[in-house]
Amino acid sequence: MNPLNPSFAAEVERSFAGQPIMNLLGARLILAEAGVVEITLPYRVDLTQQHGYLHAGVVTTIADSACGYAAYTLMPAGSEVLSVEFKVNLLRPVQGETFVARAEVIKAGKTLTVVRADVFAITRNADRELVATMQGTMICVRK
Amino acid sequence: MNPLNPSFAAEVERSFAGQPIMNLLGARLILAEAGVVEITLPYRVDLTQQHGYLHAGVVTTIADSACGYAAYTLMPAGSEVLSVEFKVNLLRPVQGETFVARAEVIKAGKTLTVVRADVFAITRNADRELVATMQGTMICVRK
Amino acid sequence: MNPLNPSFAAEVERSFAGQPIMNLLGARLILAEAGVVEITLPYRVDLTQQHGYLHAGVVTTIADSACGYAAYTLMPAGSEVLSVEFKVNLLRPVQGETFVARAEVIKAGKTLTVVRADVFAITRNADRELVATMQGTMICVRK
Amino acid sequence: MNPLNPSFAAEVERSFAGQPIMNLLGARLILAEAGVVEITLPYRVDLTQQHGYLHAGVVTTIADSACGYAAYTLMPAGSEVLSVEFKVNLLRPVQGETFVARAEVIKAGKTLTVVRADVFAITRNADRELVATMQGTMICVRK
């Protein structure tokens, strides 16, 4: 996939830094390539639901941002990206030391881009386990 | 819909109080009836994305908890509820003073319960605007 | 919801008549109002899956067409409608004499329209039972 | 993924042959391995929508059956499979000579199995193009 905006990586970083919720949750952008973005999040007790697992909404938050930015890497300069919709399947209790949401563009269009994200839990022994998967649609808005 | 657990309201309250993420976001449980749950969340800048709107993941977090607890009100005593999957459509930028996620059970089953949640933004003038809608599946796990 | 195209009902009928799959399945358009469309389908053995129930894909076919046309009723003259995505929850085995998919627009936008459809099974005694529900996104394409 | 039922391939074939809708549409089962199923469908005018493209509901029908049977290959003997829900993104107009739905299990559980299906259009020149993608949940029902 060919990026239309040569400075997409810098723009993703700048936009990510401008998402206060990422700071609140402790999420960090760790990869921004053409069509692929990864966001990581360390486990914290204040992010959990009633059983001590990461709340599905937190999993969704990093997956959605990863999807949005993966779509954004392929959009022309001067665009904004917004989430149209997404669907998440929770595959197992979200347990781990760290979590990584990896989003990849499936189909980039002029207006709509379809993206998939997998969220992995990483244990103390560096085992990776797929805990959730998202399929979503992002829209390109020209400024 | 007939609740199987006479003390469902107290159990929803107790479980909600045991979700640390709700405290971090500032969300509160405001209604727990048989098959219906409402959660409210005041706007806060640290919950936003790059344009100052509430992040779609935060919207999802309160919608998902509302769906889970709406399903839970109809489950037998001694159950746990987990999210299987959900789908969210974002209808407009999530702007407002306060947000309310209202979940209603569509079909309660022994194992799976299908729930819908609407998320409304409430403005200073008390206007309500639908900003997102979720359709999801919850599972009943016997302890 | 205000229709932008005064002849929307005639256009929905004409477009529906131009969907060969509706004829193959035996589906008929029974209602086309601003933002609301209903399609009906009588049970036929050759539409079933391995247990004799209507196949989920057939349920989806009438729900998707109902959603598309419900969105179409609110689009300007000279538009085409295409499905972007949809999500379907199957609530119970799809048993009945006749089925009705009723779609209603939730949010009509210039480009994207979000629609919900409920599919009901109607028994010999005229009881209605909700068997499936769809939440989807339609796109308006200017010719 | 280890199949629990040594005769899963024969059972998938038998069950598929018992789906009358597959016969009506002209769909054929072409692959049934542990966790993976493919169904093919030749283009026919009577399967199309108003623009001459394969109707999204037909695409969904073969994707859903492929997902159900992919899940079924990993279920114990004496099980039935039912669709709980699925979400489909339509990526481009569904044009081609033949279509192939390929489903792969993402997570097989005792009760619920999460499956993904990609639907490809195959042109006269044997080019493959992804036209739709499904993410769904199947349930195992013990007879």
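Letters are used for the chains, namely A, B, C and D, taken in the order the chains are written, and counting of residues starts over at 1 for each.
Note that contacts are C-beta pairs under 8 Å (C-beta built on N, C-alpha and C of every residue); 3 or more make two chains touch, one makes a residue touch a chain.
Note that the coordinates shown come from a computational prediction; the quantities given were computed from them, not determined experimentally.
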Farthest chain relative to chain C (centres taken as mean CA coordinates): A
Equivalent interface positions on chain B and chain D, same or different at half: same
Inter-chain centre distance, chain B versus chain C - centres from mean C-alpha coordinates, in Å: 28
Chain A and chain C, separation of their C-alpha mean positions in angstrom: 33
Whole-Å separation of chain centres (CA-atom averages), chain C against chain D: 22
Where chain A touches two or more other chains, by residue: 84-85, 87, 89, 114, 137
Residues of chain C touching chain A in the complex: 84-85, 87, 111-112, 114, 137, 139
Contact footprint of chain A on chain B as seen in their complex: 15-16, 18-21, 23-24, 45-51, 55-58, 60-65, 80, 82-90, 93
Residues of chain A defined as touching chain D within the complex: 87, 89, 91-92, 106-107, 114, 116, 130, 133, 135, 137
